[in-house]
Amino acid sequence: MEKPILIREDGLRHDGRKPDELRPIKMDVGILKNADGSAYVEYGGTKVIAAVYGPREVYPRHLALPDRALIRCRYHMASFSTSDRKSPAPSRREIELSKVIREALEAVVFTELYPRTTIDVFIEVLQADGGTRTAGLTAASLALADAGIPMKDLIAGVAVGKIDGVIVLDIDEVEDEFGEADMPIGYAAGIEEIVLLQLNGVLTREEFNKALELAKRGAEQIYKLMKETLHKKYLKVLSE
Amino acid sequence: MKLRILVADRQIVRPGDLLAEIEDSTEHLEERIIPEKHIYIKNKKIYSDTIGLATITDNDVQVIPLEGVYFPKKDDIVIGLVVGVGITNWIIDIRAPYKAILNGSEVIEGFNPIQHDLRDYLDIGEYVLAKITIFDRTRDPVLTIKGKGLGKITEGAIIEVKPSRIARIIGKKGSMLNLLTTKTGCNITVAQNGIIWARCPDNNKLDVLVKAIKRIEEKAHMRGLTEEIRLFLEKELGEKREK
Amino acid sequence: MSLTPTRQPIIPKIKRETIKKLIKKGERIDGRKLDEYRPIEIILNPIPKAEGSAWVKLGNTIVMTGIKLEVGTPYSDRPNEGVLQVHAEFVPLASPTFEPGPPDENAIETARVIDRSLREPRAIRLEDLAIIPGRKVWLVFNDIYLIDYDGNTIDAGMLSSMLALNLAKIPKIVSIEDDNVIIDKTVKESPLPINLNVVTVTVGLLDEIPLVDPLLEEELVIDNKITIAFDEKGRITGIQKAGMKGIRTSVLDEVIDIAFKKANELHELLRKVLSNPENYMKTLI
């Protein structure tokens, strides 16, 4: 595939978005019956589902920590989520992303309240169109809240990027593939803490500062939607 | 400690929602969590740590959670399922992150592991109504069935609900539970771990009771829920009588 | 699946408190300043069978990188470019807590952070590594071996990778017949085409106090590690936050400032070593 024009003459992106514009975002919580908490999140064409089980007993038991809950996290892409079939075996990328997502969640969950237990977080990417780890992190955070697990704050994930020299918000797959930089962040907007930060690409210091600011503004919008989504679940029951 | 409370009573709050600001404290307050109130304090601000209902009393704010697994507490009455039998104790699933222990001597007078086979007294798959006597987060909870009404459950029906909704099913000063008992005529035992044991005069009454409980579970955050349940029970039981 | 680490060595509480107290005073258990690297020792090309190799000792952390070059097929989306693959092995001889088996998440993370930091600024001119465009290219295997583990594997791994890549020589191509490329590994011809050097700087954070190049004992106490890659032009070519706490933006700014300063020192070291490589070509013992 040839590199497409990422920033058009009118300054808009290949899908017509402004540089600081998110894709259409959809989310819902409590969508699974079995899980203690669950969430579904869409960022444009990226579709992710997350489930949380726990706190529950740890098997095998020797893994249990005496002074806090264990968090176990799996980020996984469905084999049909990509254009070419993805092997269902966990790739090196998925292993790394499981780690950074887990560490982001550890930053907000009060694990010390549940010693000797585990909180299991499962993220399945159903369709990948850029920003799967950040959509996955948003979904995982919502699922944890839906499970009633005590935590400091919600986490909104979003990726910013540099495409054709322009810093843009919420990059999709094409922009990720042909752009110059992809910087996913996880942001606990209420307590103003960055809990996930990676940069894959080249940025000057000034560009980094600009990208981080843009990412935080984007994450704040997503954070607001997350809070509304959690609220809506209970309003819906009342209106029925 | 004087608080400026920023939420309304019974307002739905989420993790990270600001509930109140501490106004008069001049000292530096360490960041800390108060798990039983589902709040944490940081930089003189009080936040919710979960999805729940803000509850304001006098000059205090806390959150009654709407979700979450059952977490054992000493003296809680629980209903547990026997899932394992050892030489000297039973393993009881109380829907908590920890399995509970019930010792043979609790059930069998003069218990002697050589003489007595625990399965003759309480077998896998049976329910017990018990009280938690020991639990401190470092050890598994220990149960007793010595107490009025405690012991093996041999009759009636078991209804499982979210443990976070138990407070609502009991109601303020037991008002909801009273309503359920008087209207249906069922004998109802509510355990803290989200299991309800009902003994009803007939199956119709049980059906209505189950429906009412599920309704309370779903609408736990609704204002005027007791009134709605009263109307619901009257309608359902009235209709059944006409038939 | 990623788990909260459970097999970490337990640091006695008293030591933990000492480390914390010292850091808050601006000091460290090994006597370094907060923004000081441990001493760095370098041995170049200790493994003649590799196309390039480098042994880096960062304090007590020892890392060896070997570069192997082979002929293979390109990635379908980059048919006219050579292939770079970075792997890291945390072998059991390096630490009592390492176990045999496939690379765990820490080894994978180390390799992938180094891989991205090299790839994104095009540190290697992969476009110059095509042999038969679209069909046969050079495959560059950058294999990082952790030999003794005392913290900060990424910076040591990056340094040894960069040195090994700079030293790597491409074997002679004897003949090309159709898709059959015959090479002679005993004859090493041109150097691997390097565009620019990249270094990483890892900064630990403890109660918002930054400390450069954390030791293993410090790693077990600190809240976060942030690795930032810089190329020779001072551009950021990669970032990875690791650790279980959040970071405020102002603290992150401070970390990047420190990392930038330290990156200049590491680039200076690379220049010094690579301008006189023969001074560093020694045997291992």
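Remarks
Going by the order they are written in, the chains are A, B and C; count residues from 1 in each one.
Simple rule for what comes next: contacts are C-beta pairs under 8 Å (C-beta built on N, C-alpha and C of every residue); 3 or more make two chains touch, one makes a residue touch a chain.
Worth saying up front: this structure is predicted, and the values here are computed from it rather than measured.
Comparing each chain's Cα centroid with the centroid of every protein Cα atom identifies chain A as the most central.
In this assembly, B is the chain whose CA centroid lies farthest from the centroid of subunit C.
The highest number of C-beta contact pairs joins the chains A-C.
One finds 53 Å separating the Cα centroids of subunit B and subunit C. In terms of their C-alpha centroids, the spacing between subunit A and subunit B amounts to 33 Å. Separating the CA-averaged centres of subunit A and subunit C is a span of 27 Å. Residues of subunit A in contact with two or more other chains: 108, 188, 191. The part of subunit C that touches subunit A in the complex is made up of residues 1-4, 6, 77, 103, 105-106, 108-109, 111-112, 116, 120-121, 226, 231, 234-249, 252-253, 256, 260.
Across the complex, subunit A meets subunit C through its residues 1, 63, 65, 68-74, 92-93, 95-96, 98-103, 106-108, 111, 181, 183, 188, 191-205, 208-209, 212, 216. Those residues of subunit B whose C-beta lies close enough to touch subunit A in the complex are 12, 14-18, 33, 35, 38, 40, 42, 47, 49-52, 65-69, 71, 97-99, 137-138, 164, 218-219, 221-222.
Interface residues of subunit A, counted against subunit B in their complex, comprise 36-37, 54-57, 66, 108, 110, 113-117, 145-154, 188, 190-191, 227, 230-231, 234, 237-238.
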